[in-house]
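Alright, structures below, take your time with them.
Below, chain A partners chain B and then partners chain C, in two separate complexes.
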Partner chain A sequence: MNKPFAVVLDASTSLCNKTGSWRTKRPEYITRLPPCNSACPAGENIQQWLYFAIEGKFFDAWKVMVERNPFPAVIGRVCYSMCEKACNRAITDGAVNINLLERSIGDLAIAKGWEFEKNANYPGKKILIIGAGPSGLSAAYFLKKLGHEVTIYDNHKKPGGMMRYGVPRYRLPNNVLDTEIKRIVNFGVKIICDKKIDDICAAIKEFDAVYIAVGASIALKPDVKIESGSNIVDAVGLFQKLENEDKDLPYLGQTVLVCGGGNTAIDAARSSLRLGAKNVKIIYRRTIDDMPANENEIGEALAEGIEILCLRTISKVDKNKIFVDKMNYDREASILSKSGELEILYADSVIFAIGQSVDKDMFSNIEGINVSENGVIEVDENMMTEIPGVFAGGDAISGKRTVTHAIAWGKKASNYIDAYLRSTKVTKPPKNEVITFKRLNVAYYTKNPRKNVFIPMDISFKEKDTSYSGKKIIEEASRCFSCGNCFHCDNCYGYCPDGTIIKHKDGSLEFNYDYCKGCGICASECPCGAIKMIEE
Partner chain B sequence: MSSLTLGNRIKSENVTIQASRLRPNTISSGHRACQGCGEALAARCAIDAAYEAANGKIILVNATGCLEVFSCATPENAWKIPWIHSLFGNAPAVASGVAAALSNQKRNDIRIIAQGGDGSTYDIGMGCLSGMFERNDDVLYICYDNQAYMNTGVQRSGATLPFTRTATTLPNSKYMGNDPQTGKNVPQIAMAHGIPYVATASIGHIHDLEQKIAKAVQINGARYVHIHVPCPLGWGFEPSKTVKIAKLAIKCGLFPLFEAENGKVTKSTPIDEVIAVDDYLKAQRRFAHLFSKSASPDPLSFLQKIADKNIEKYGLKKGISNE
Partner chain C sequence: MLCQLEGSQAIARAIALCRPKVVCAYPITPQTHIVEGLGELVRSGELSECEFINVESEMAALSVAIGSEAAGVRSYTATSSQGLLYMMEAVYNASGMELPIVMTLGNRTIGAPINIWNDHSDAMSARDAGWMMFFAETNQEALDLHIQAFKIAEKTKNPVMICVDGFILTHAYERVDIPSQEEVDKFLPFYSPEVCLDIEEPLAMGAMVSPDYFMEVRYIAHIKQMKAIETIGSISEEFFQKFKRKSGGFLREYEIDGAETVIVSMGSVAGTIKEVIDELNANGEKIGLLSLICYRPFPADILNKALKNAKKIIVVEKAFAIGIGGFLSREIELAIKDKEIVSVIAGIGGRNITRSMLKECFLQKNNNQSTKFLGLNEGIIEAQ
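The block that comes next holds the complex of A and B.
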C-alpha cells in the first residue's frame, strides 16, 4: 500500500472485501406450493400453465395441463373449481378465473387440432379398463403414456360415462367431449363400446392387469315416503335418456321440483326448463352458500327464473302434493335439524339429484371384488381389489364424485398399475409447503378486479360461447400472483443494496454469497414469496 | 404480472434500469454499508441512472459521511467511475470547481454530480451549496437524506424530524426527542434559489427516482435531487424492512414526491391510499417513545399535521392535482 497522501485508488477494488462473512442468514430461491395447485384434485400445476399463458405460449400451457388432465376443455366446463376457492387473489380483488382459462385453452387446442405427444413405443403390458368414463379414460391415457397397451370396454353406445350421461349438453357440447376422447384414441388407446363383460374373470386372463372404472350408475333411493301414483324422476336417468335421444322421456309437466344442491340438481332444474316446464324450484337442506354447485351455475339458474328453496327437506310425496320440513342449520356446529314447521308444495314431478351408487349386481358373483355397505368397491392402499392385478377407482371406490376427482383417480391408478406390473412401488414426491396470503407482498400487484363473465343465454340446449381468445386469455392469466414461484420481476436483483445477485442471460438469478450480507430485503420485496431466509 | 415491480419478463416498457442485466453497477459489491442500507441502494440506483443518461461520462464529488466511508475505505474503492472526496462541508464547492475546470477545457459532455448526506447538505455544507445554486453552476447535487449524522453515531441534523430520538435528542422531561421548533426544508430552500430543477425521490419508488435523475442529469445549471434513504441502524428497524419503510413514508405523506422547475412545483406523485403517520412511525424505534403508554398524543398529531399539510400543498390525494 504505497500510495501518496492524495491517493488514487483503482476502480472496484472493494471486490476483495468479501462481505458475505457478515451474514447470519442466507436468502435462497425456493418454490412454494400455490394454493390453487394444492386444491386441485387432479394436481394440475395451474400456476405453471398460467405462467405460460401470460407469455402467450398457449401450447406450452396446454401441455402442462395435459400432464395431469387429458380433458382440459371438459374440465374447463364442468369442474367445481376448488382452485378458485383457494386462490390467494380471492382475498384481494377476486380469484383468477382459472376455470374459464382452462376451457379457453382447451378450446384452442381443439380448434388447432393439438394432439398428445407420442412417446417412444417400448413394449408395455396389456391392460383392460372397464368403463370409458372420466376415470377409465384418464387411466388409459396415463397408462398409454407409460408405454402400455390399453383397451377399454364400455357398455354404453358411446364413451364418456358421466361426462356424456351426467351433464346436459348446454354445459358440455358433444363435439367438445368427442374431440377430447378422439384425441385419446389417436394416442393409441382402443375403446370398444356397447360391450358388456359378463365374465370379468375370463377377461382378466387375457390381460396383465384390469382397472375397474364402472362409476356409480344407480341413482340413490331418497329417504322419503313416496305414495303410489307419485311422479318421481332420477336426474341421471333423465340425462341419459336425453343423451340417447330416447323418445320415451319421463313426464315432467309444468311444475317441477328438484331435490339436491350439487351441479346435477342445477342441471336437472335447467334441463326441465328446456324441456318445457314453466315453474321450476330447487329444494335444498342447507343455505344457498352451502350448496356444492358452482356459483356461476347457481347464478345462471336464478337468472333463468328457477327458484331455490333453502333450509327444507322433502318428507313425503303424495301424487302432486309434496310435504316439506323446514330446517334449522347451525353452520358452525354443522348441525342440521328439523324446525318443526311444515309446508306443502305442489308439483307435477319431483326430480331427485341426490347421488349415485355402484351397481352391486355387476360383481355379485365374482369372488375377490367386494362392494361395501356404503356402496363402493373395496380396494387396498394400492387401489387393488382382492384379485391380484385387478384394480378399481373413480366413483366406484370413492364418495367424492366429480369428473375432476375421477380424472385424478385415473392418474393414481395408472401409477399403481404400472408399479404392480414392474414390481416396484409408487413413491410420492414430497409436497412443498403451501404458500399463504400472508407471505405475499401484494403491494406489487396492480389492482384489477375479477370480471365475471355472464352472458344471458336463450333457454335451449345450445352452449353459450364464453371462451376467451388470445389477448383476453393473457389479460386474465396476468392476474395470477404466481404464488410461491418466481415470475422474474427482478425486485430482488434491483433492490439488493449490495448488488450481490447475478442475473444471467436467460433471466435466471443467482445469489453471490461472497458479498450477500443477509439483510433480507430481497425476501421481503419478493412479491410472490419465492425467497426464503435460512439461518446459518 | 405487474407494472409496479422493478422488472417485467414480458414487457420492456416501464421497467427500471436496476432490473436490467446490463445495468452499469457504478458502485461495486464489497462496500461496507450496513446490512439493508438505504443509502447504498439509493446511490447505486441514482448513479446508475445518471451514468446511463450521461453516456457514462460523469465525475462524482462526495462529501464525508456514510456513503463516502463505506464506498471508499482506503485502499479499497467501490466506485467504477471517477470519484473524489475532499471534506465534510465542501462538496458543492469542489464540484463547482470541477465544473469550471471542465468548462474551461470545453468538456461540457462530462456531467458533474456532487453528493452527500443530510448532515453535510443541511448543516455544514449549506453555505457552499447555496453558493453553487446562486451561481447556477453546472452541477447536480444529490442529498441522501437519512435524517441524522449516521456515520458518527446518529446525531441530530437540520433534517431530523420533530420528536425523533437521536444520540443528541434523547427524550427527557423537557423534550420528547428532537425539538419541534427546529429544522429546515432544503428542497424548499433550493427552490427559493430559482434553480432550474429540484426534485424529491425515494428508494420506495425506483421508477420515479430513475426518471428524475435522468432528467436532472440532462439539464444545464444547478440542480438538486433529494432522496429519502431509510437507515436500519439509526432509525431502528430490521434491515429487511428498508424498502417497506421508505414506501410507508411516501404513503403517509411525510415524504412528498414532487418536481419543481425554476422555483415552482410542476409535478407531484399522488398517493394511492393515504395511511396514518402512526403506521410509518410505529415501525421505527426512533419514535418508540411516542407510543409508550404514558406518552402524550400531541407529538403524533403534530407529525400528522405535517403530513396533512404536505398532502394538501403538493396535491398528493389521487385525482386532485395542485397544478
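The block that comes next holds the complex of A and C.
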C-alpha cells in the first residue's frame, strides 16, 4: 500500500501516547445498593432475583429468594412491599411489581415441587424454638441451614402462627401456607403442635439454645366503658375461631363496627363482610393517611363498601348503642385531643383491633424473662434474654408486626444463636451506598408503565388468582432499572470518546486507564449510576 | 440528451451520473437546489446505491464526506458563502488527508451585512486551503466540470471545488447536453482507492505530525498540486475526445489573436464581456478575453504564454481583499512581468455588471488608477 507520507499512519503508532496521564478523575464501575434491597426488612437480594427472572431462570431466582426468606409464596401475598415504595421506578412510571413477581415465582416453586437444597451434615447443636409462627419457622430454617438440629413446639393445632391465625384466607390460602411449611419440615425441621411448654428452665437443660418466638397473641383491652349486654368481639379471637372452623363463631350481626387503624382492623372488617355483615364501618382516631394499615388493603376495603370513620374514638358501648368522641389531630405537633363533639352510632357488634401484646402469664414465673410495659420481651443487643442461651424475637420483642419483619427477626436470631453456640460474634457485612433517583439517567429507559392487575373480587374467603406465568414474569421483571449495578447496556462502551473501555467475552467491561482521560461522559451517560468518578 | 435545465438541476444530474456513494449537505442559498435535486434522485431510486445523509450543519456535511471518503467511497457535498466558512476547518482537513471529495460552491458573497447574491468572496476564502478550484462559465461547463472533477480528484488524490456563480448559473435555465450514463461510466471508472479505512487493516489518518516532518508534508502537497496541472490538461483533452465538447482545462481564449488589450475574468461574467468585445472590435478595437477556468493550481506558465502579446491586461474580478485589493490581479502580476495590469473590481454583492459599464472601462486610456471599482456610486461615498 502506497501511503501518503505522514498523512496516513499505521494505527499502532499513536498508542505510545498514553493519554491516561492527563486524567484528574478516574471512572470506576461500582456496586451501589438498590433501594428495593435496602428497604426489604428481610434483606432479600431482590435485584439479583429479578436478573434471574429476566433471563427466565426462575429456579435460580427462587434460590436467591430463599437465601433470605423461606416463604416466597406467602410473602408474595402478605408483604406490604416496602421494596415497591422505595423502587426508583415509582417516580417515573410505577414501581416494578416486585410483590406479585415474588408470589408468582413462589407459586411456581409450589407447582414444580421445588425443595430446599440440603447441606452437608454438620454436627450442630440442638435448638428448641417456641412458636411455629413466621419468626420461629424462619429461625428454624436458617438454623437448620447452619447445620443445627431444630425442634419447634407450638400450642396451636397447626403451625403457622399469625400467618394462619392472623391473616384471613382470602389473602393467604391454606394450601400455600401448608406447602411452604411442609418444605421446611422436609428440610429436616421437627414441628410438634398442640404442645404447651410450661417449663422453659427445664427445656434449656435438654437443648443447647432456646428461641422464644411466641408472637403477640393477646388482644389489648380497650380503655372503653362497656355496659353489660354489649356484643364485643376481639379480632385475634375471631380469626382463630375462623381458622379452626369453630362452629361457635361469635355473633356479628348485620351492622359491625371495627375499632382500630392497623391491618388487623382491616382484616377484621373485610372478614365480617364475608361472614354475612351488611354494613361494616371502621372507626379510627386519626386521619385515613395516618392509618398504619397498608394502603392497598385500605383501598380494597373501601372498594368492598367498608366505610372508614376517621377522627373518632369510642368512649362507651351500651348494648347496640355506641358513644363516639370526635377528635382533633394536629399532625405536626402529634397532638390528639377530644373536640368535645359527640356522636352516637348503632351496631350489632363491636370488634376491637387496637393492638396485641405478649402473653405475660406465660413467663410470669420464669426468672430472667421479663415482659416490659409495652408488652414485649426484653432482650439484649444479641436478642438474648437474661437467661444465657434463651433468645427471643419476632412480634414478641418488636412493635413492627408484619410477617416480613418476623421472618427477618428469625434470620437475625439464627445468626445470634449460631454465634452464641460457637462462641463467636456476629459480624455485619459493610453496606454499600444506596442509589437515589437523581443518580439515574432515566431518559435511557423505555417508558413502560406499571400494569396494575385488578380483578374484581367476590366477597368471599377465596383468593383471587393474579399470579403471572412465565412470559409475564419476564416482562414485568424487565422493568427493573437495575439501580446502581451495571446491566451491560454498553452505553459507556458506546459513548467513550477515546474507546478506552474493554469489553470482555463474558460481557463484562473494564476501563483501560492507559488512555482514559477522565472526561466522565461514561459516568454521566450510565443509566443506572454504576460508574463513579473518583479523584486521582 | 439536450434539455432546458436550471443550472442546479444540471449539476445534480451530472453528480448522479458520477454515481457517488454518499451525498451530504446542509441547505444554503444559492446552493440548495443542487442537493434538493440529488435528494429527489436518491429517493426516486434514479441514483441508487447512494446514501443521502442529512446533517445539522456544513461542518458536519463536509465531516461526513471526509469520513465516507476515508472509508473509500465517492463522496459529494455542496455549499455557499457562510456555509463554506462554517466548514472551513474540515475544508483544510479534506485536502490535508488527501481525500478526493468533490464540492460545489454556489458562489455568494460573505456577510456582514448579510447579502445572498453573487460574487467570489467565498471562493477566495478557500483559495489557500489546498483544494483544486475551477470556475464554470456556463451551465454546460458546470455540468462538464463536475464529471471531470471526480476524475481529477481521484487521480491526483486531492479534493476539487467547482465554483458556479450563484443565481446567474445556479438558478438560470440554459440548454444543456446531458451525457448518457454509459458515456460517463466509460469516462469515470469505479472508485476503489488503495488507501482507505478498513477495520481489518486499521490506519490512522491526519494524526499528529511533528515539526521534523510537517514542512515536508506541506511541500509534497504543493509539488503534487503543481504537477496535477498535467493531469488536468490530459483529463480535459480526454473529455473532449469522449464527449466532443471543449470543457474545463485551464483557460478559454476569445479574440486573443492580435489583441492589444486582454481582459481576464473567471466565471459567468465572460458571457457579457464577449458581447462587449464583439461590439468594440467591430469598431476597430483590438480586445480579447482570457477566461480562467482553473484557479488552483494556478497555471502561471500557461497564463504567461497566453498573455505574451498583450500590451494591457484588465482583470475583471468579483472579489477583493479589504486592505490590499483584488486577488486575481495580484496573482496575475506574479506570473506576468512588465505589463500594465488594471484591476477592475466588479459585481460585488450581486451588483449588475452591464455592457455599458464594461465598454467605458475597456476604452479608458492612460489610467492612473491600478484598481477601479466598476459602477461605484460616488454620491454615496462622498456623502460618507
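Everything that follows uses one rule, which is that the second predicted complex is superposed on the first by the 525 of 536 C-alpha atoms of A that agree within 3 Å, B and C clash if a C-alpha of one lies under 4 Å from a C-alpha of the other, contacts with A are read in each partner's own complex, and residues count from 1 in each chain.
The rule is short, and it goes like this: a contact is a pair of C-beta atoms (placed from the backbone, for glycine too) under 8 Å apart; a residue touches a chain by one contact, two chains touch by 3 or more.
Bear in mind that the values here come from a model prediction, so they are computed numbers and not experimental data.
Residue contacts after overlaying the shared chain place A:K425 against neither chain B nor chain C. Of the two partner chains, chain B is the only one touched by A:F487; chain C is not. When both complexes are overlaid on chain A, the residue A:D10 reaches chain B and chain C alike.
Contact with chain B, but none with chain C, is seen for A:T19 once the two complexes are overlaid on the shared chain. The wider contact with chain A, measured as residues touched, comes from B rather than the other of chain B and chain C. Comparing the two interfaces of chain A, the one with chain B and the one with chain C have residues 1, 3, 7, 9-11, 13-14 in common.
Against chain A, in their complex, chain B makes its touches with residues 1-10, 15-16, 18-19, 21, 25, 27-33, 35-38, 40-41, 44, 71-81, 206, 232, 238-244, 247. Taken in their complex, chain A has these residues touching chain C: 1-11, 13-14. Listed in rising order, the residues of chain A touching chain B in the complex are 1, 3, 7, 9-19, 22, 54-55, 443-446, 478, 480, 487-491, 493-500, 503-505, 507, 512, 514-515, 517-521, 523-525, 527, 533. Those residues of chain C that touch chain A in the shared complex are 96-98, 157, 194-195, 202-209, 213-214, 216-217, 220.
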